[in-house]
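Here it is: the structure, laid out below.
Chain nomenclature is as follows: A, B and C, assigned in order of appearance, with residue numbering initiated at 1 for each chain independently.
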Amino acid sequence: MGFWDKLANLDRRWIYLSVAISVIFPMLFVIKFPVEISPEARQLYNAVESLPDSSVVFLTFDYYPSTLAETEPMSIAALNQMFRKNMKVITMTTIPLGGPSIAERVTRMVAEKYNKVYGVDYVNLGYKANYVAVLKGMGSSIESIYPSDNRGTPLKDLPLMNKVKNYNDIKFIYVVADNAIVDYWISIVNAQYKTPVGAGMTAVMAPKMYPFVQAGQLTGLLGGMKGAAEYEELVGVKGTAIRGMDAQSLVHLLIIGFVILGNISYFVTRKKTGPGVMK
Amino acid sequence: MRTTLPVIIAFISGLIMVVSFFLNPQTTFLGNTEEEVLQWASIIGGFTLLLGVVSIVRVNSKTVGQRKKGWLFNLATLISIFAMAIPSILPVTSQSNFGSIFYKVFPESWGSLFGTAPGSIYDWLFNYLDSPMMATMFAMLAFYIASAAYRAFRARNAEATLLLLTAVLVMLWRIPMGEAFLRLFGDNIPGYINTYIMNGANAAVQRGIVIGAALGAASMSLRIMLGIERTYMGKG
Amino acid sequence: MTLVEQLQIWLGAFLVLSLFSFLYKDNPFYKFAEHIFAGLSAGYYIGLIWQNVIIQQLIDPMFDQGRWWLVFPGLLGLLMFARFFPKWSWISRISLAFIMGNTAGVFLISQLHGIVLPQTVATMLSLDPRNGFGTVLLALIVVCGVISTLVYFYFSKEHKGILGGTAKVGIWFIMISFGAHFGYTVMARISLLIGQVRFLMFDWGGSIKQLF
């Protein structure tokens, strides 16, 4: 068996090992390339920044724990920006597995930093089932869908929620999601109630959202950990996304290397054995 | 009865949504009905989630009961379900009816361990066990995608080559190191990728797909409301 | 770091490593962690629905606000469980029909009003050369891309002649978009791995450092 044949039949565990090393190495030896800001990230940042101070905004935690590495830095950066501008933040989730717990943990962590008071400066509505009914129902009355917050406190006992009846009282909806829920925030909420919607998405979902940005239905977009790093850079929070960029870079280069190597071995062995034989 | 009643209910519940779109919910009777119907839909939706849990409990109990191969793992699943669920439904204070009875038996200081709030057993199990495990399940995909890129991502024909080249270009563009590298060939290259690939060809294709899917969803919705589409009812 | 914090990090790390061990080969540690994961996730739903739906949306409004009629959605919800009894399973269709009809009613409007119309309008781009070469080029790409993609997914007529040619252009556009998707997907998966490696290196690693 020649070199290229051996390469073509390389045990997958060697590939796994090289990926692991490429992730670990940059965490030990920091390289730090500057993060460039995409126009979509800047648009989202500017949309929030241009809102009057003390505006009431929605921040959704529409993601599962599986994608925390990409989405949590977006939520943290957004909360920093919002609290710094003294905005009143209402958080919620359409995710049954973990959504309310993540929203509770992350929001309280950032709120503490800015000495924000629960019920006055921010409220976590938590989860209610059937996202279509939830999104549509809040158009008439948030209280009809959420009679109480995540911990069971009636909304009427929360000073912030006395000022907010439905989407008409919300200045901006900042969706952080790892699934197609943004489609519904756009098609059900933005289309009918005209509240601007901006989104931070996992990289898997982000390419799908470009037509909505182009059509003006989505005010800004963050895509994956790079998008999160861009937002951290804009807000001035040095979080886990920026710190993860070195490892991200190295593994991307490794995978590009794999693609090139795989194709070379494909063409070399195909010449020898004819097309279709290569594994 | 078994089919007609659900079809009538689906029609009415859908029609309320359609008609109320054109009415001001705050001033009309139908608008208020819409609010109530959506509230009901959210409540019923919650129960559907429990169906899955009941199924898991049934399947695992059966395996454990019959001592089938690997039943100890199924027992671990059952223990985990109840370890998470039981503390979460216990009363947090003695103010409720059940709470007043419960805290006559147990000390009230245990209250903070129950329910779903931060500091509870439920929250602890989620944050320190469930959440990292779910993240790990998905993190493993990084290894598989690297292996797939090496083994299956081949420039077999013109279309595959186009896909491969775009993927490589986008992978380079989305990392700081790659952006710096692309700028060596021209300062505007990263900008061109964003404009002509992501906001150009990609946005166009995704737009075609979402328009097609939305038309499909709308027509399927109409079929459900009119009772033409009944597969969701199952057999019988 | 307190003893409790140490314990929770070690427990988390043990389960994370057990799951990662599957990369080498299937083993009992992996199976154990996998089953615990499935159980905890299922248990999470029970707590969530109990607190956020049954207590907050049903019991509290019924008993504290006197909204007795909420007993009906509660009953409709319970009817769902009729699925587990073959003889009575058809009853669950009533609740299911309510949800399906409701969602269909919302979708019928929102998909047309919120997606089809605005996306179609956004494709009607000006090709006026006075807008500059870059803008016209982008408009051309978008218009050609949308039309050819729609044609590619139009299966009611055989792809021959002009239809076939346009579909061929469509597949080229689709390949570019899927390539971009693949690039982004690689990025997503690696980000998740980075998150878990960070946990093992810094949280668990920090805990080991403290021990020795």
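Everything below uses one rule, namely that a contact is a pair of C-beta atoms (placed from the backbone, for glycine too) under 8 Å apart; a residue touches a chain by one contact, two chains touch by 3 or more.
None of these values were measured; they are calculated from a predicted model.
*Asks:* What topology does the chain touch graph have (line, ring, star, complete, other)?
*Replies:* Contact map by chain: complete.
*Asks:* Please state whether A-C or A-B has more C-beta contact pairs across its interface.
*Replies:* Per the contact counts, A-B leads.
*Asks:* So which chain is the furthest away from chain B, centre to centre on CA atoms?
*Replies:* A
*Asks:* Quick one: chain B and chain C, Cα centre-to-centre, how many Å?
*Replies:* 5
*Asks:* Quick one: chain A and chain C, Cα centre-to-centre, how many Å?
*Replies:* It comes to 12 Å between the two C-alpha centres.
*Asks:* Can you give the whole-Å distance between the Cα centres of chain A and chain B?
*Replies:* 15
*Asks:* At least two partner chains per residue is the criterion; list those residues in chain B.
*Replies:* Answer for chain B, listing residues that touch two or more other chains: 17, 21, 38-39, 41-46, 48-49, 116, 126, 130, 132, 134-135, 137-139, 142-143, 145, 149, 164, 167-168, 171, 174-175, 198-199, 202-204, 206-207, 210, 214.
*Asks:* In chain A, what residues contact two or more other chains?
*Replies:* Counting only residues that touch two or more other chains, chain A contributes 16, 19-20, 23, 66-69, 96-98, 100, 128-130, 132-133, 136, 183, 187, 192, 203, 207, 211, 214, 223-224, 226, 248, 251-252, 255.
*Asks:* If I count partner chains per residue in chain C, which residues reach a count of at least 2?
*Replies:* 23, 41, 44-45, 48-49, 51-53, 57, 99, 102-103, 106-107, 111, 113, 115, 119, 122, 142, 177, 180-181, 184-187, 190, 192-193, 195-197
*Asks:* Across the complex, what residues on chain C touch chain B?
*Replies:* 8-9, 11-12, 15-16, 19-20, 22-23, 31-54, 57-58, 70, 72-74, 76-78, 80-81, 83-84, 89-90, 93-109, 111-113, 115-116, 119-120, 122-123, 134, 137-138, 141-150, 152-153, 170-187, 189-190, 192-193, 195-197, 199
*Asks:* For chain B, which residues are in contact with chain A within the complex?
*Replies:* Touching chain A: residues 17, 21, 25-26, 31, 34-36, 38-39, 41-46, 48-49, 116-118, 123, 126-127, 130-132, 134-135, 137-139, 142-143, 145-147, 149-151, 153-155, 164, 167-168, 171-172, 174-180, 190, 194, 198-199, 202-204, 206-207, 210, 214 of chain B.
*Asks:* In their complex, what parts of chain A are in touch with chain C?
*Replies:* 13, 16, 19-20, 23-24, 27, 66-70, 96-98, 100, 126-130, 132-133, 136, 146-148, 150, 152, 154, 183-184, 186-188, 190-192, 202-204, 206-207, 211, 214-217, 223-226, 240, 244, 247-248, 251-252, 255
*Asks:* Using the touch rule from the top, collect the residues of chain A that touch chain B in their complex.
*Replies:* Per the stated touch rule, the residues are 10, 12, 15-16, 18-20, 23, 31, 33-36, 38-39, 64-69, 96-98, 100-102, 104-105, 108, 128-130, 132-134, 136-137, 139-141, 144-145, 151, 183, 187, 192, 203, 207-211, 213-214, 223-224, 226, 245, 248-256, 258-259, 261-263, 266, 278-279.
*Asks:* Enumerate the contact residues on chain B facing chain C in the complex.
*Replies:* For this pair, the touching residues of chain B are 2-3, 5-7, 9-18, 21, 37-54, 56-58, 70, 73-74, 76-85, 87-89, 115-116, 122, 124-126, 128-130, 132-145, 149, 159-160, 162-171, 173-175, 195-212, 214-215, 217-218, 220-222, 224-225, 232-234, 236.
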